[in-house]
Amino acid sequence: MTDTKTITDTRGFGRKLADLDKTAVAPFLALAALFVLGALVNPNFLSIDNLLNVLTRSSFIAIIAIGATFVISAGGLDLSVGSMAALVAGIMILFLNSASIDGDVAMLATGIVVALGVGALAGLLNGAVITIGKIEPFIVTLGTMAIFRSVTVWLADGGSIAMKSIAMRNMFRPVYTGVFLGLPIPVWIIIAAGLLGAFILYKTSFGRHVIAVGSNEDVAKYSGIHVNRVRAMTYIIQGICVAIAVVVYVPRLGAATTTTGMLWELQAITAVVIGGTALRGGVGRIWGTICGAFMLEIVGNIMVLSNIVSEYLIGAVQGTIIIIAMLVQRTLQKKK
Amino acid sequence: QDKEVNIAVSIPAADHGWTGGVVYHAERAAKLLEAAHPGLKITIKTSPDGASQANALEDLTTQGIDALVTLPHNSDELTDPLRQVKEKGVFVTVVDRALSDPTIQDLYVAGNNPELGRVAGEYLKDTLKTGDVVVIRGLPIVIDEERQKGFDDAIAGSGIKVLDKQFGNWSRDDAFKIMQDYLTKFPKIDAVWCQDDDMAVGVLEAIDQAKRTDIKLVIGGAGMKDMIKRVADGDAMTPINVLYPPSMIATAMELTVANFYDQVPVRGKYILDATLVTKDNAKEFYFPDSPF
Amino acid sequence: MSDNPSKTATVPVLEARGIAKAFGPVEVLTDISLRVMPGEVHAIIGENGAGKSTLMKLMSGHLKPTRGTVAMDGEPVSFAGPVDAEHRGLVLVHQEILLAPDLTVAQNIFMGRELKRGLMVNDREMNRQSAEAVQSLGADIDPTTQISRLSIARRQLVQIARALQVPHRVVIFDEPTASLTPFETEALLKVIRDLRDRGVAILYISHRLPEVGAIADRITVLRDGKLIATREASELQPVDMARLMVGRDMSKLYPEREDTASHQNVLEVQNFHVPGYARDASFTLRKGEILGFAGLIGAGRTELLEGIVGLRTGHGEVKLNGNPVKFKTVRDSMAAGIVYLSEDRKGKGLLLAQDLRTNLTLATLEKFTRGPLIERKREDNSLDKAISDFDIRARRRDLLAGQLSGGNQQKLLLAKMMLLEPSIVIIDEPTRGIDIGTKEQIYKFISDLAKTGKSVIVISSEMQELIGICHRILVMRSSRIVGEVTGEAMTEDEIVVYATGVKINEAELYSAGNA
Amino acid sequence: MTDTKTITDTRGFGRKLADLDKTAVAPFLALAALFVLGALVNPNFLSIDNLLNVLTRSSFIAIIAIGATFVISAGGLDLSVGSMAALVAGIMILFLNSASIDGDVAMLATGIVVALGVGALAGLLNGAVITIGKIEPFIVTLGTMAIFRSVTVWLADGGSIAMKSIAMRNMFRPVYTGVFLGLPIPVWIIIAAGLLGAFILYKTSFGRHVIAVGSNEDVAKYSGIHVNRVRAMTYIIQGICVAIAVVVYVPRLGAATTTTGMLWELQAITAVVIGGTALRGGVGRIWGTICGAFMLEIVGNIMVLSNIVSEYLIGAVQGTIIIIAMLVQRTLQKKK
């Protein structure tokens, strides 16, 4: 018996540090490697302006991917986020154009509430069909991806939905372009969303249940967790995150088009996985996800800043870099 | 006037601004034409890619049609499927993208892609004489290649230097990003050419945000209403646009219908100009109700 | 036991009234009536597949009976599910491990009923209480460890700790000690006695009959889904229990020990390391020998042997019949005639979602193929043979492996690996969860292997069985082989001394001498 | 021991039928429902011509999805199949255009071999990176998806790659348009591929290993199965299936473009899942998959044949139908 003590002792703080290393730090090290690559390719890469541009641009995917972290760590998947973003943006702009409320500020505030509501509802739709219908999330969200996109195209009559009021646009624009304490507003929003996400996932019992459901559904069920409710809730959170991303997106170009949000789902999932969350569920890393979203945007940025490859082959280089980043991350995880 | 005629229209799905415009004009034209000719039935089908367009062509012919108006995704791919349609005795009108075998098409309504690039290139050459230009291309497909080639030919040997070319996927978001990165990469840019007005919107926003003043010109193309309005309003940075109207599908439909209902048979080739839109003629091309 | 409430109470806290259960057309339980009084330990014994686990699941809301009712405090109840049963104070510790592998010990113990401080979960308090709960079971597990990093035994303890964390009036233990060593077992029995003395009713399932005799107040015997008898524990000796269970006399559990070990070394291991688990391990195995590995949970026995057969990264010298060998993958060692049967039959032994046939032939498919084609017929014949040789009790052939009773899964795993016709067999916890009748068969099987010139390594936490069948026993403690016992010295006391490290000096002498 | 006797011998036909009910029949019933819908929408739908057209068209996705059934039942995923098809088609056509061998027949035959070789190699690339690098298949194949697409664009110089020789085209065309014993050649190819796939998956030890690996990797490993080798092999099979699909595809359109095969990955995965194979692995249903591919194509066909919905909303209707089909299937599975 005495011996057991000595074994456990070696598993104290030292192990926790090692745990942290393995999982959480690896994506950040891969990110650092990308920074080195960027700096080599173009000295401008490390300029504050460029980095802030990239950080700001990554905000949509980062915010959506925070939601995806919930969905994926509960063992789900959401392919509809890109189309959902287009739909939410479209409806939000249509509402803003309707000028149904007096006062631009009130209108804008209500518009944001409308966006959040539509996002939550779209998420609820996904969650409800998946849990009540007991259908694979892959199929359901592939279906709703087509549905949301179609409805957007229909609302836009095949074209685009743009904010009409110049005044309102000018008032709204700073949400994307504004700077507060040296950091662009979208970056603050990422930080806020990340803190809130991390709080919910790591510090509340709901977050615990998310991980439990993703780790072993049966066990969660036997433990009295309402598996369906938790699962549906992750899709609602995903919808709300999409809506937040839209609130940052709309002021940038002031329009929703048929291409808005195209392929965002793949980018969001990639960000989540690169960030260290496993697709099979049971693990969720909010900060890794944000780091992953940033990495994706940086790879694109490096491609444009570099002069090395033909524009035809950029996709190939980009794909290779992502695989290598993942490889670096996995190797680091194993080493530590 | 009671002649029964079935016409099918097969076009790409509305997956970005311009194709969205095509769908809009096709549906509008169909309503007008059907109203004018009681025996006329027009079926419009959109397809997301070449292979599904080939499927749609099969399905439409199975239903029995007299004429087909099509804007093919890709002429190489759709030549064979269209040949099969033709072999069933259907009148074939091809829009925008000429087939590899011209004997298939009874009528060809051509938007002129190389011309779009050439007109833009000529304008830059004449206005700037010398200068550094960045280019944002669309997606790597034939149309894009043709426009690019027209542009490259026009500026060949002049003082216009292309600093960089990237694909913006005909998306304003992607164009915005690429333009931001161009601005980081190149301290001085004189002009931007993007193959499509949708992308020009993103480019203008990026320039605006960066507060850069060195860029003199942003040339788009295709005649999107917002851009035409800028031209009409005399915006200094966007003094011109090159027309490439999605309404060409409507023109093609009208001509095809005329072949059946008017006495004159309509055959051959109708080439639409890539008209240069300037402040002077912009009003003519501004349709505030069009979605594009 | 003087103030034992069971002597005074008259209303059973939990009662089965004529319960029957059928899966499809097959009835696995027939007409069971059982009364559990507050403050008694009521043991359920029976062969593998007799229906013990099924009965427990019926009484705890995991399954619905086909006929009959369950009653609490004399009132018929119909549980909406296990959670509902838990709310009424009735908890079941499953035979299988039901824990979320990605979560920590404390997170699992408090899953679904997290302690909160305001909006936040109170991790510190949960960790503290978990550590306490685990400690009261005689184990010392860091509550922040992920379940996936724990051995089966430790997971079992966590599972018990979790069940005891809720307010309870009836606790059902389904083979809680199957993977525990005597130390943890003793601690658990103490906990159970405490519960009983507080008036909690305990249902207790175990195949370790002496243990049952020690803890139970009353004993119910099931055979083939029928209730054979309920008796006062004092009336039954383990032999009697065995007879009631299997329906015949069980005089002798262990086969006659024969000195089948020759002097020829078939396997020599020198300074073998498995990073993190085993250090400097050296031992030899002789032809026809049965070699035991004893040790406490976490001593590293499993990992050492997994390392040797190529299932984990490890390094050191291994000689097979005098020739140096290096097993890169387990396939290599299988080809060399060594098979390893995992202790984790659900996680590593069997495909629970596949049928018996698929599982049986998985490791030896090449024997059942002609050209590229699998010969279904020969597989079926082989399954017939396995079912009779190993006495696998599956009421239907098309059951999935996961639907077999725990003990029968073990037998299927044995049958599967024996198809490899190995010359060296390494069995990790061979009789975990196996009934006494089958244990006898397995021991006989092992000794027959040795008689035919095969060599066997048995890793077991049941010292009695090692002593009963082995020629020689090595004892491991914290990653090292610390001692060897043979012949007369093979007693529990001697093994315990090594396993707990009391005889530390001699042990170190031993390993130094060996190196 | 007496107990053994009481084991019901359910090896017979009755059991097989029961098994069949639950799992295999459900997608076919969903297919039947689609037939009813189609017939209601347009009487032409049930014409032999139309049905054969649809069946023929479904051949690409069906054949690719047979490969995907292997990958998915081994617990993997391949998002690169669409781009891979474009690449294989491109290289095959470039080879045919090179006219490096005398005689059109010999040339064509070699071209097919080249296609199969390129497909197998591309699959090997995926398999090797996934197994050796231990990276999530999602990320790896998302990366190779970009890589294959890019290389195709680069080979096509941004345009398309078309077969030059009219003679060879005419000779090759019957592979798509030809009819043998009343059925189009591509349908025969589906049948052949299905039979071969079913044979490999259900009757060989390799197939058994695939299911074992997808069911529980650890058990497979402890049973002496070379998990990595099996897994890599499924990707190679996927590559070969893509190549077979290309051999059917090229004679149809005679060209590879930068958009060839776009979104095929999603369609293939959808076909597999609708067919009853679970995305988590351990189950594989070849015939269900083929049925799933056919269903997808029928939904598209019904959309073209119907005149009810606006073109903008077709995606929405299509998405809804697929979700409903899946719902029907799941309900049937549970009932039986």
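We call the chains A, B, C and D, going by the order they appear; numbering starts again at 1 in every chain.
Keep in mind that, in the parts below, a contact is a pair of C-beta atoms (placed from the backbone, for glycine too) under 8 Å apart; a residue touches a chain by one contact, two chains touch by 3 or more.
Protein names from UniProt, one per chain: A, D = Monosaccharide ABC transporter membrane protein (CUT2 family); C = Monosaccharide ABC transporter ATP-binding protein (CUT2 family).
Remember, predicted model here, so these are calculated numbers, not experimental data.
J.: Could you work out which chain's C-alpha centre is the most distant one from the centre of chain D?
T.: Max centre-to-centre separation from chain D belongs to C.
J.: How many Å are there between the centre of chain C and the centre of chain D, using C-alpha atoms for each centre?
T.: The mean C-alpha positions of chain C and chain D differ by 44 Å.
J.: What whole-Å value do you get for the distance between chain A and chain B if each is reduced to the mean of its CA atoms?
T.: About 34 Å separates the centre of chain A from that of chain B.
J.: Between chain A and chain D, what's the gap in Å when you average each chain's C-alpha atoms?
T.: Chain A and chain D have C-alpha centres separated by 31 Å.
J.: Could you tell me which residues belong to chain A and also touch two or more other chains?
T.: Answer for chain A, listing residues that touch two or more other chains: 153, 157-158, 312, 314.
J.: If I count partner chains per residue in chain B, which residues reach a count of at least 2?
T.: 14, 23, 140, in rising order.
J.: According to the definition already given, which pairs of chains are in contact?
T.: After working through each pair, the chains in contact turn out to be A-B, A-C, A-D, B-D, C-D.
J.: Show which residues of chain D lie in contact with chain A when the two form their complex.
T.: Spelled out, the residues of chain D in touch with chain A are 129, 133-136, 138-140, 142-147, 149-151, 153-154, 157-158, 266, 269-270, 273-274, 278-280, 310, 312-320, 322-323, 326-327, 330.
J.: Would you mind writing out the residues of chain C in touch with chain A in their complex?
T.: 62, 82-83, 86, 98-103, 107-108, 111-114, 116, 119-121, 138-142, 144-145, 183, 296, 298, 477-478, 500-501
J.: Could you list, by residue number, the parts of chain B that touch chain D in their complex?
T.: 13-14, 23, 27, 43-46, 48-52, 54-56, 58-60, 62-63, 73-74, 76-81, 100, 139-142, 144-145, 148
J.: Which of the residues in chain D end up touching chain B in this complex?
T.: 42, 44, 47, 49-50, 53, 57, 60, 153, 156-162, 169, 173, 249, 252-255, 257-260, 262-263, 297, 300-301, 304-305, 307, 310-312, 314-315
J.: Spell out the residues on chain D that touch chain C in their complex, using ranges where they run on.
T.: 1, 3-4, 6-11, 15, 19, 203-206, 208-209, 211-212, 215-216, 218-226, 282
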